[in-house]
Structures are given as C-alpha cells and as structure tokens.
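Chain nomenclature is as follows: A, B, C, D and E, assigned in order of appearance, with residue numbering initiated at 1 for each chain independently.
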Amino acid sequence: MRRVTGWIVLIVLVAFLVWGVTLIHPFGYPDASDMDDYIIENSQEETGSNNVVAAVLFDYRALDTLGEATILFTAVMGVLLLLRASKRKKETS
Amino acid sequence: MLTKIVRTVANQLILFIVIFGLYVIVHGHITPGGGFQGGAVVVSGIVMLLVAFSSQELKKLLRERVLSIVESSGAVIFIGLAFAGIGTVFFYNLLVGTPIFGRVPAIGPGPGDIWTGGVIPLMNFAVGLKVIAGLSAVVLALALFSGGEEVEE
Amino acid sequence: MTFILGSGYAFWNPLIWIIVFMLVMVLVYFFRRRGQKAYKKGTDQARIFLCGEEVPEAGERHIRVGNIYWGFFETLKEYYNLILRPHTGVINDYILWFVAVTAISVLILLIAGLAK
Amino acid sequence: MMEYIPLDFPFLAAALLVGISFYIIIFKKNLIKLIMGIAMLAAGVNLFLVSLGYRAGGTAPIYTDVPEGPMVMSVPQALTLTSIVINVAVLALMLTMVIRIYRHTGSLDSEKSRRLKG
Amino acid sequence: MAALITHSPILIIVIPLLAAFLTPLIGMTSRKARNVLVVVSLVFVAFLVFALARDISINGIHVYTLGATSPDLSIPTGFMVPVRIILEVDGMSVFFGIIWAIVSLAAAIYSLSHIASETGQNRFFTLLLLMVTGGFGMMFTGDLFNLFVFLEIASIAGAALIAFRTKFADTQEGGFKYIVVSAIASLMVLFAIGLLYAQYNSLNIAYLAQVIQYTTLDKIALGLFLIAFAMKTGMVPLHLWFPDAYSVAPASITGMLVITSHACMYAAFRICFTLYGGVINAPVVGWIIIIFGLLTMFVGVTMAVFQKDVMRFMSYHAISQLGYMWVGVGVGLAVLGNPGLLATYGRDAMSGGIFHILNHALYKPLLFFTGGALFHYTGTRDLTKMGGLAHKMKWTTILYIIGTLSISGIPPLNGFSSKILIYESVYQFNPILTITGIIVSILTLASFTKAFHSAFMGAELPEYKEVKEVPRSMIIGMVILAAGIVFVTLFPSLIVDWIIHPAADALIDPGPYISAVTGAIP
C-alpha cells in the first residue's frame, strides 16, 4: 500500500518537474538577463573587483553572504551545543 | 594514528595546503575563489592531520575555546565592515577610491590588481577566518565525540 | 478612542460585556448570601463521604487524565482509528505526505489553468 | 562555440536528481541514507540553479586575463555557492543529531529509533 | 532619530545578529553581562520595531536598498531592474515584526532561569538570538533568495535549540525531524525560486510581481512554494512533524517556534497575495487553502483531546488554531477577484484571520510557557503523573487560566474578538466553515478543561511536596504575554484599526508594495 502510493506520487511529482524543466529556455540561451548584464558590465567600476562572483557575493548580494556566514556560525554553535557534556565538571580550577 | 610515512607526509603537506588556502582567500577578488573556498581548503588540511594523527593530539594544537573566539571575531569583523558603511547605507562599499584596496582596475579584461575591491578582500579574509575556525571546530568536535569525549562548555 | 469592534453583522464591545458580567456577579453574590448558614469548615460536615468506605489517599483520589472523556473516545473509536493511522512517527512518511500533497496541489493548479 | 543541444540535459539531470533523492528519502529507512538523500536533493537543486546561468560559449565571470566573449551569468553562481554552504551546515547538524540518536537508542533505523508517535 | 528610523529595517535584523556574535565572547567572562546583553539587545530591537511601525503608519512603505548610494535608490540610475537586495517593510511585515519582537523578548527573559541549571547556556542564547535574526529577516526582506537564507537561519537555529536537552533521546529525534522537514521544504522553495529566476531573471518580489505571467512554470512554482511553506507552518496533513518537534523543545523555544511557524505563514501569504497577486487563480488557490484549513482545525483539535503529554497536547492545539488563520485568509483570497464580496466580508475575514495570528501569538506561547513551568520542577510532561499543582504554583495557575479562556474564545478575552470576526464574515461565504469553527472551539475548551483538571486541580500529591512556584524571570516572561492579552482584550478595535487593517489592506492590494520598488521605472 505504502509502496504503491509512494511510487505513484513520486512519479507524478517527477513528471511535473521534468515537464517543467523542458519548458525553461534552452540550455545556454537564457531569455532575460538584464540584472546579470548590469552586474557584469558595472561590477568593475562600482566595486573595483575583477571577480564578478565576488562582487555579487560581497557587494550586490552581501546580505545573503552575511546570512550564509551566519548559517555556518549557527551550525557550528548547534553542533557544539549538541555534543556538549550535560554535566558540569567539578569547578576545581 | 596511522603509520609514520603518512604522518611525515602529512606534516610536510599541511604547509602547502594552508598556503594554497590562504592564497585562495587573499586573491578572492581577482581570481576564482574567496573566503569560503579557501577556508574549506585549509580545513581539508586539518582533516588530513586529523586522519594522520589522533584527535587527541590535534586537540592540544587547536583549543575549542580559541577556535570559538576566532570564529566569533571573524563574524564580528565581517559585520563590522558592513556597519562601517552605515553612514551611507548598510553594506556600502566605502573603501572604493581610498588608498586601502581602493584602486579601480581598468574596465574590461586585464591583469588583476591586488589593491582593488574595496571591502571585498577584507570581508573575504573575515569569512575565511570564520570558516577555518568554524569547520575545524565541527570536525574536531565530531571526531572527539566519536572517541567518547564531549565538548566542554 | 472606541471600544467597539464591528464585524459586518454585529459588533463586539468588551466594556459592555465586563459591566454585565460584574452585574451578574453581584447578583450571584447576593443569591449566595441567602444560602444555608449552618455549613462550617473543619467539622465532619466538610469531610469526604464515600458510602461509608475508607477514603483513599490524595494520589489515589485524583482523577487522572487517562480516565477523563472515556465515553467520547469510545464513541469516536472508528474516527480515531482512522486518524491515528498516518501518525506513525516515521520521518519517511512525513516526506511521503509532503510529496503527495505537492503533487496533488500542482495537479489541481494545472487543471484549473486548463479550464480557464 | 558549442553546438546547440536540443535537449536541456542539465535541467533534466537536475529534475531526475530531485526525483531519485525523493525516492531515497521516502523508501530508505536508514537515517544515514536519508541524509544522503537530502544531500543529493541539495545537489540537484544546486545543479539546476547553476545551469540556469549558463550562456553558450561563455567564460567564467572573472575579468582577470579572460578572453573576449560572453560571460556566464554571475548571480546564479553566487546563489549556488550560498546554497552549498547552507547545505554543508545543515548536513553537519543532521549528522550530529543522528550520532546522538544512535547513542541513545542503538539503532539507525527510522522505525526502530522512533520514540515520538501519535 | 530620523537616521535611526531610516536604517531601522536593517538594524532590526543586524542588532540581534551582532549580539549573537558577541554572546560567546562575553559569556566566557561573565554570565550576568551576557544576560544583560541578550535582554538589552532585544528590548532595543522591540523599541525599533515599534518606532518603525509608527513611521510606516504615517509615511507608508519603507524601502531599504543594501549597499546602494542611498537607501531608497531601489533601482540603479538609468536602469530598469532592481539589482541589489532590497528590504521592504509594509503593514503586513511590521505586524509580524511586532509579534516577533514581543514574543522573543518574553522567551529570552523566560529562558534566563528556565535553563539556569543546564550546561551550554552561552550557545543556547547565541542560537536564540540567531533565531530572532532569522525571523526578522524573513519578515522584512523583499528578495526571494534572501527569504530562503533567513528561513534556513531560523530553521537551523530552531533545530539545534529543540535538541537542547541532549540527555533525552526524544529531544534528538524531535530536532532531527524538524531539520529534515525544514531542509526539504527550503530546498523545494529554492527550486521554485530557480523556476522563477529562469523566466524573469530577477529575485526581487516586487519586480517579479510586476512582470509575472502565470505560465505553467509559474504554476508549478506556486505549488512548490505554497506546500513547502504550508509544511513549515504545520498544515494538516503535513503537520506530523509538528508535535514531535514542539513537545520536546525547551518551553521558551517552543513559544518562539510558534512564531517562526507564523513567519512561514507570512511568507506563504506574501507569495500568494503579492508575488502572484495580480495573476493568481484566486478561487482555486483560496479553496485549496480553505479545505486544508478546515482539515487543520478539525484534525488538530481531535488529536489534541487524545494527548497525555502536556506539551504535545498544546502543540496539537497550535495546529488547530493555525487552521482558523488559514480559513480566514483563504476566504479573503477566494473572493479576491470580486471587489463587492471583498468589501462585504472578504476584508473582514482576512482581518479576522490576521487578528487571530496576533492573539495566537500571545496566548499560545503563554500556554507553552506554563507547560514549561509545570515541567520545571516536576520534571515530567506527562499529564497522568500530575495533579494538585495549583496549591503550589499560584501564578502559573492564574496565567494558565487566562491562556485557556483566551484560546477557547471565551468572552471577553482576545481569542473571542478575533474568532467572532472570522465566524461572522466566513458565515456569509459558507456556513459550514463557521459551524466547524464553533465545534472546534468547543472541543478546545473541553480539552483544556481536562488538562487543567488533571494538572492543577485535586488534592496535593505526595510526590510533589518539594515543588514550588517557578523563579521570577519565568513569571515575568509569562506576565509580559498575559499583559498583551489583557491589552488586546480591552482595546480590540484600537488594535484592529492600528495594525490589523493596514496588514489586511497590504495583502489585498499589492500595488503600493510593487510601486515602492519599481515606481522609478519610466
């Protein structure tokens, strides 16, 4: 029962996704690229960085990068929180 | 703890790995790479040390407390650089045009210049610090935990 | 500053409600004052009487949660059997439900788009 | 210049990766396999994102010593980088929890290690 | 002050973040300084949110372009498309921001003594502040990918906090289920973002709303968005993870998780009403939401009557209450294309649904906090083991009664005023919705009475001789929320006029939200 339902819904969803991605512009020939053209043209002038991806990461979409760094920080904190000893050591020192 | 050959080779290789990682971090704004990638390269070196030596030995080298401080300070540097621009707008790249990393390269393809990019190289550096400290803390903590040792507060 | 919250049909005013509630409370207090005066605390009158049996300890006497609304669950047994079936607690099933609902919703959206 | 590819293979690959990973997540009861499924799902989504920005014959969007010609779109690359780092973080936390679950229950099976139900 | 208001959207996001980065450093030296830092930063953020709300009610939508030469330069000069990340705060965002500010402050104060005997407190408070950041980011951002990033911050921090009590097996399981579900939901959101990016090459919600066409790809993306966010809110039948995760977390975190669930609801509303606002097939999507909302209400409450674990019981009630909001807003969405019906009852239904979010955000964390207070000294969440606790915990009892009356919609408490709005407006759309709502309300009261009886009433039990009233900071945390309930109870019309109607109008008409960003386009 579970197997059959699982397969049916899985196939339906994947069919939609596959059908969906064939409707996207042909690979390598994007329809619209205004934002990216602007960034590629102006990043050297506005940020002084030769690496456009770095310019996007740290200037145009810097809040994303801050969020990304925050997520890494969160995960580190989370891992250390979960692996901690649940009892304090005797406070000798 | 693996054989002596592995340990010796690891001892020699770690230098190159760290230098390559730092190169990737520092040149993040002119060549492919950046703080995350370079940090990951350095951490891969640390993982190599973890495999070659034991986690107990590595623990003496990298203290949990120190890693935590380095990571927090990396994050604070990053957010501080973002705050520096708040006179105009948060995240404003205020170093473009100043003597520090402020040169503007020739428009179009050309050789890179390390003194460009404004706050981008500094942010790369801060992120690199953070990634190195953070990921090595995670790897070390997981290795120590599987050896039965829990993280202290 | 108004207290009235209009809702299309009617309105709701907490102030009026509180005033009416106060009046009712006064009325209730008034009736209560007219009750029996013979009741005294601390005498045998206030002791628990259980058909002459010995009264159990405090812990035994408390009606625990499992015994409340027994008839409700007994009546709705079939409904609960049905509704407890998907609550397996297995993470794989949770994702299966997600995939199923996503597939169905996308299907509905696409069919509705065709009809339009 | 690359030839025009009639089928959008990268997009299809991404969609199929998503499908395969959903198969793993739904049918495999081992928690480590479940995590692998999520990693594959992330890989599929990342592949999809990064292939959106490709331009036929484009070079990497880095001006240092680059030949003249079109450059691929840079924003999807930045998004993919962000997404990869996010998934590393998620996986680290998931593995930690699985280690803890294994310590407590002695099982990696999602049915046998289950305590919460109903 | 003017500069503070101008920069407040980003400051509200970044101040908790900065405090979170500093917490491990300061916590190493002094525990007291750390507590002061946490509380002061959250109080300051709450102040900024209220100032921003006041400014928005006067000056309209607030746009903040990160990294540009001027905050309101949303589109580069002489260009057509927004390039940078834009924060955009309108009535709806700031409404959720107010809720989040109040609840996170109460939760932080509550946690100060709730986890005082545990290890790992520095990291606990760091993660708590990160979760606050994630929530505010989700509410204030005007960029889809940024929404995804902040969603992940809130989920990862939440998952780590759910698993905080590592010595129990069930906490780890709850945290694991939460993070798996959030990871999959957010990856599907990312896939949908990719589908939109492929067609329109933009990530800005306002710009996308202007150019969107409702093609097949857009429909698939809408389905993915809607169901992924619905799963994160805990809509039946995707609610299965919800009680598992909520019941095992520390009580303060459970209170905050309720609001992250509302933040996901905000994201779903933003997608349906603003991003797809002009093109959406409103009746179909509205009915999908209404049917799932009805299921959510009914299944949630019937499962709740059944429960014996106090936190699990309350989490099922949280699911059930979420149904009211879905139904209220769903009715608004179903009549979105019809201005006449919208004016007759659609707007009132939406106001009721949104008002219910505020009320739920006040009483449900309060109830979770009282559940945590029960756990604090008894050390159990099992209702079958409890009894007679009212003798020892007077404050907790009173606060629990306030929460119970409010959630059951007993007049004059605030739960009633939002429920009456929903009932009376939804009745005109379809009477069955109102009838279900009233039945669910009755069952809610019945089950809370049961829990009240088994936990608080009865004679003092011998095993709880040592139990005493919870520490003062926990009571302060609960009293903050109870004070909010009393305020909303006394002035429902004031609240509706100030923040609910602007929020509902922001949803109904996406025009101002769009033109605030793209207005400069010739």
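Just so we're on the same page, contacts are C-beta pairs under 8 Å (C-beta built on N, C-alpha and C of every residue); 3 or more make two chains touch, one makes a residue touch a chain.
Predicted model, so just to flag it, every value in this text is computed and none were measured.
J.: Where the contacts of subunit B and subunit C overlap, which chains show up?
T.: Both subunit B and subunit C are touched by A, D, E, going by the contact rule given at the top.
J.: Counting only C-alpha atoms to place each centre, which chain is farthest from subunit E?
T.: B
J.: Sort out for me whether C-D or A-B is joined by the greater number of C-beta contact pairs.
T.: A-B
J.: Select the chain at the greatest separation from subunit C, using centres from the mean of Cα atoms.
T.: If we average the C-alpha coordinates per chain, B ends up farthest from subunit C.
J.: What whole-number Å value describes the gap between the mean CA coordinates of subunit C and subunit E?
T.: 23
J.: When the centre of a chain is set as the mean of its C-alpha atoms, what distance in Å lies between subunit D and subunit E?
T.: 28
J.: Please compute the C-alpha centroid of subunit A, do the same for subunit C, then give the distance between them in whole Å.
T.: 44
J.: Would you pick out the residues of subunit C that each touch at least 2 other chains?
T.: 87-89, 91, 93, 95-96, 99, 102, 106, 110
J.: Check each residue of subunit B and list the ones that touch at least two other chains.
T.: 30-32, 34, 36, 68, 75, 79, 82, 91, 93, 105, 108, 110, 112, 138, 142, 145, 153
J.: Residues of subunit A touching 2+ other chains?
T.: 6, 10, 13, 16-17, 20, 24, 30, 33, 35-36, 39, 44, 50-51, 53, 55, 57, 59-68, 70-76, 78-80, 82-86, 88
J.: Which chain pairs here would you call touching?
T.: Those chain pairs which touch are A-B, A-C, A-D, A-E, B-D, B-E, C-D, C-E, D-E.
J.: Given the complex with subunit B, which residues does subunit A contribute to the contact?
T.: 44-51, 53-55, 57-59, 62-63, 65-66, 68-70, 72-73, 75-76, 79-80, 83-86, 88-89
J.: Which bits of subunit D are touching subunit C when the two form their complex?
T.: My answer: residues 22, 25-29, 34, 110-111, 114-118.
J.: Subunit C touches which residues of subunit E in the complex?
T.: On the subunit E side, the touching residues are 176-177, 180-181, 184-185, 188, 214, 216, 219-220, 222-224, 226-228, 230-231, 237-238, 240-241, 244, 281, 284-285, 288, 299, 302-303, 305-306, 308, 344-345, 348, 352, 383-384, 387-388, 411-412, 416-417, 420-421, 424-425, 427-428, 446, 450-451, 453-454, 458-463, 489-494, 496.
J.: Mind listing the subunit A positions that touch subunit D in their complex?
T.: Residues 3, 6, 10, 13-14, 17-18, 20-22, 24, 26-30, 33, 35-36, 39-40, 43-44, 50-53, 55-57, 60-61, 64-65, 67-68, 71-72, 74-76, 78-79, 82-83.
J.: Touching residues of subunit B toward subunit E in the complex: what are they?
T.: The contact residues of subunit B facing subunit E are 65, 68-69, 72-73, 75-76, 79, 82-83, 85-86, 88-93, 153.
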